[in-house]
């Protein structure tokens, strides 16, 4: 079994850059330091980009793009490849003129400059952000032929900012205060109601990602971060937080981001991104090219806390074996799992199943459909299946 | 704890300019009113190109009206009339985000007119209706009782390790072909495939 | 005390983007998704760049640039800002034609393609890399007026690759094998002798940083990573590893990267980057602008393992108070420390002192000079002093 | 452990092409020889523009000769003759990295000639000398005993918390002014200040 890496081999054979020859790049000087004061990837990596599914939305301004999970390593998503979701495009905000206003049921309403916010003691945490529509195209059947499109509305960065609780302490919440409205400064003025309990728990007001200031697509210069919750609640270009006694029921928590059940009623405030996982090697973009030992690798994540265990099935869920977690295992962060095994051309129905620290077990697609039907769009965290053919090709299938 | 004391106290005027949110109970509504009839003209001028003369949605732009009774169907149509629980949401959203290309360009009065008209298109008010800051919270939306708080976790899987499914009854369904952007699988077509325009071109070439 | 933020205030006052006004960016659409398939920082962050000290080297091809530590948050250095050090510039290597050869005292010499290497089970680890010349301009006196130049030859990423031990297992080291020569593919063919003990301990053969393939400046497509050791040993553009019974005494381990003592003799194989720390807020680039509460913040790191404690002195080392470590505290990684205190215009002589898990205490400059004189160039990890004036200005001073 | 079996066995020929390293004991030296006299012509043609006719270094390029006896001085000059412990390092480095703009362009014979000449410039061999793969390891470099293995940790600080220094005898020395690149502190001068060329311009303007 196994596909011969033919393109690869033929190009190499014709080359004079291979041993025993001295490659051309060993016989000359390259460019010097600060030729690029801010560096860029190699030109040979130009295929590693965010991609969109054009038919998902009418145009690109209110749309989404996906991270190339099949090309990513470790748990950090580099800033240039973090998935995008905008409702009115990316605003170009002058940080000196950006303000965060906190008001409503508070003792003293305050307007903060970016400089003010950056004076507070900061915290830095590695957390994933996932769009609740991640995988949503697959509720009724397998539709997407690549990992980037089945799971790519997902990224993970080290975020730096101020715990929202510190800022709320500063304004002084009145006893009646129970919900917070967060609002963006972009043309969509995206707004979401956040229960005070979350705001006082682990919500952050964030200005940096992976060491540098937020990227424009990620809310520069300021965004909310609700760890483990649907990405939409982590309001970007954050300009206002109002404390109230009740939720606002705005468009993004009624018309959208509610989950329609078969009986015609819908779930509201479905915040948590439940425990999920997917195999990234092999996958449709990374077919198996050789027989022999292979590292089955993937990502697991849970909005409910830490990943405790990931299991792998080679037969579509009939039997399972435990995989190893590798690298950092952090709460509400991407976590890598790995299992070294052998492939000799046998067909596989590959699945991964994550379990979090609360004991929650990632459900099957059948279980999710039984509980929710096929119209709920969001929060599809079911066990995913890759079919590995005996030539090493990998396709997206669904098992019922 | 001691306060840091950073930032400046917001004045009432500063807050008023940015405090645009409306709640179901009417909190936040600016004083004013608007009629279905005046709303019609404004809607046709500012909204219909995208959302259709009757709220039916042009092309792939959102549908605003119709769809009543479809929520239990195979392909539900979720609109203001069929799905939205509160009228306040409509006023709030139009004022904060529409028209798409010129958000925050409408006067409060215009928002009242247009909101009234979209409610009319959804058969929630009649053509004589005048929407005001006082009656908006009283409007009963058809699907007002259609929502309940997320009860997850709902699906209960267990950590079965052996004989967890029956291979004989297993049904395997493949991917619908021709629907994924696959431009980037084509040699040399990587960068354009990532964009809407580039992708459309590649899809056409297929 | 405190400097008024005058530029800031005046620009803002003239603006119609402040509350109660709706900012211009709230009244229009921004650009859509995948407008930038690979994203870039905001145009307002164009001052956050690597910088060099031109007089350090004859030209920029064999030179160094520094990371803007004063603008970085958390512990991850974004790839675009990782410090640079080249000896023959940055080669443009085609990954399909790149090879790693392992030979010498081995059972079976092997040539690996990148594809071969990426088939091995991977590990991902957050580790700092520091040039041993970091701070070296300061041995004889305070010379640099900014943090970027006193400490910026330092970065920290999540690196992904294969443990060298796995590859050595693959070739099978003969019993006589005790040292490994690592060699780069660039025009400098940079070579260093690495003791086998380190190679079998934690050395990695790395192909990715912060989730994506290595940047060209960082050795694309392959580099060595010797965690905690002087950056020069982490050979970039790695093409060859030879196992031998003795070290090679090449130019980079004799003429350079040896530490000259006052008696005219020199230390060789001075590999470890000893425990070090520096305060990043305030610093010359981040003067204190306001009286009141302030977070003294900084970075600590140790090539000897984990940071255990950082202390802070406000009086030039007469008395010390413990700071808090914040965020992840990982072995041979940058670690953040923090202390919230008050500043009311009093002059400070600010210092930080790191202690690692072995109990090693970061030395004073006086102690280092007593032990090594002023000509050893490398490994200057002494306690650093910032002088804070009563107008909030911060300057680099030395205390003896 | 089971081997992964990835990669291909390297042939002797493949290894020979890349195995360029030389050790103090002469291991790795290609067969061949070179004379000071032939080295002189080559050196003057290929090396002198940067390193100077006598190895004294042009401008800011590295000095290759001289400096003997300066290692204990305030400003030591570290050269092949004053500092390097082994002659093999010189052959190895010239062959792997020089001339700077055309690395790996010299034949082994040329490297022998030039190495011999640089040794001559350092008064390590006389002008009749012929360097061979057999005598290179025997050459005694002046500073061959000048190195010892890193004994760190050397400085022993303790975690003193109080009265750790005497404020009265404390000497505070400020920064040497005018030596740091400060272009980026000047409004609008950020990007050019980051480069060699840009910086030089800014420094000139000061």
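Annotations
Order of writing sets the chain letters: A, B, C and D. Residues in each chain are counted from 1.
Methods note: a contact is a pair of C-beta atoms (placed from the backbone, for glycine too) under 8 Å apart; a residue touches a chain by one contact, two chains touch by 3 or more.
Here the structure is a predicted model, which is why all the values come from computation and not from measurement.
More C-beta pairs in contact connect the chains of A-B than those of the other pair, out of A-B and B-C. Computed from the mean C-alpha positions, the centre of chain A lies at a distance of 28 Å from the centre of chain C. Per-chain CA centroids place chain A at a distance of 23 Å from chain B.
Chain B and chain C have Cα centroids separated by 47 Å.
Centroid to centroid, with C-alpha atoms defining each point, chain B and chain D lie 66 Å apart.
Annotation for chain D: residues touching 2 or more other chains are 4-6, 10, 14-15, 18, 100, 103-104, 191, 194-196. Residue positions of chain A touching 2 or more other chains: 18-19, 26-29, 32-35, 37, 49-52, 59-61, 63, 65, 88, 101, 111, 113, 119-120, 187, 189, 293.
Contacts between chains form some other arrangement here, matching none of path, ring, star or all-to-all. Listed by label, the pairs of touching chains are A-B, A-C, A-D, B-C, C-D.
Residues 46-47, 49-55, 57-63, 65, 87-88, 101-103, 108-113, 116-117, 119-120, 141-146, 149, 166, 169-170, 181, 183, 187-189, 191, 239-240, 242, 244, 246, 248-251, 254-255, 258-260, 262-272, 274, 285, 309, 311, 313, 315-321, 349, 353, 355, 360-364, 367-368, 370-372, 375, 379, 385, 387, 395-400 of chain A are the ones that touch chain B when the two sit in their complex.
The touching residues of chain A, when paired with chain D in their complex, are 18-22, 26-29, 32-35, 37, 292-293. Looking at the complex, you find that chain D touches chain A at residues 2, 4-6, 10, 13-18, 100-105, 191, 194-196. In the complex of the two chains, the chain B residues touching chain A come out as 1, 3-10, 14-15, 18-25, 27, 59-61, 71-72, 76, 78, 80, 83-86, 88-89, 92-93, 96-97, 100, 103-104, 146-167, 170-177, 179-182, 184-185, 190-191, 193-196, 199-200, 203.
Here chain A touches chain C in the complex through residues 5, 8, 11-12, 15, 17-19, 23, 25-45, 48-52, 59-61, 63-65, 71-82, 84-86, 88-97, 99, 101, 111, 113, 115, 119-126, 158-160, 185-187, 189, 207-208, 210-217, 220-221, 237, 289-290, 293-295, 297, 326-328, 336, 338, 340, going by the rule given at the top.
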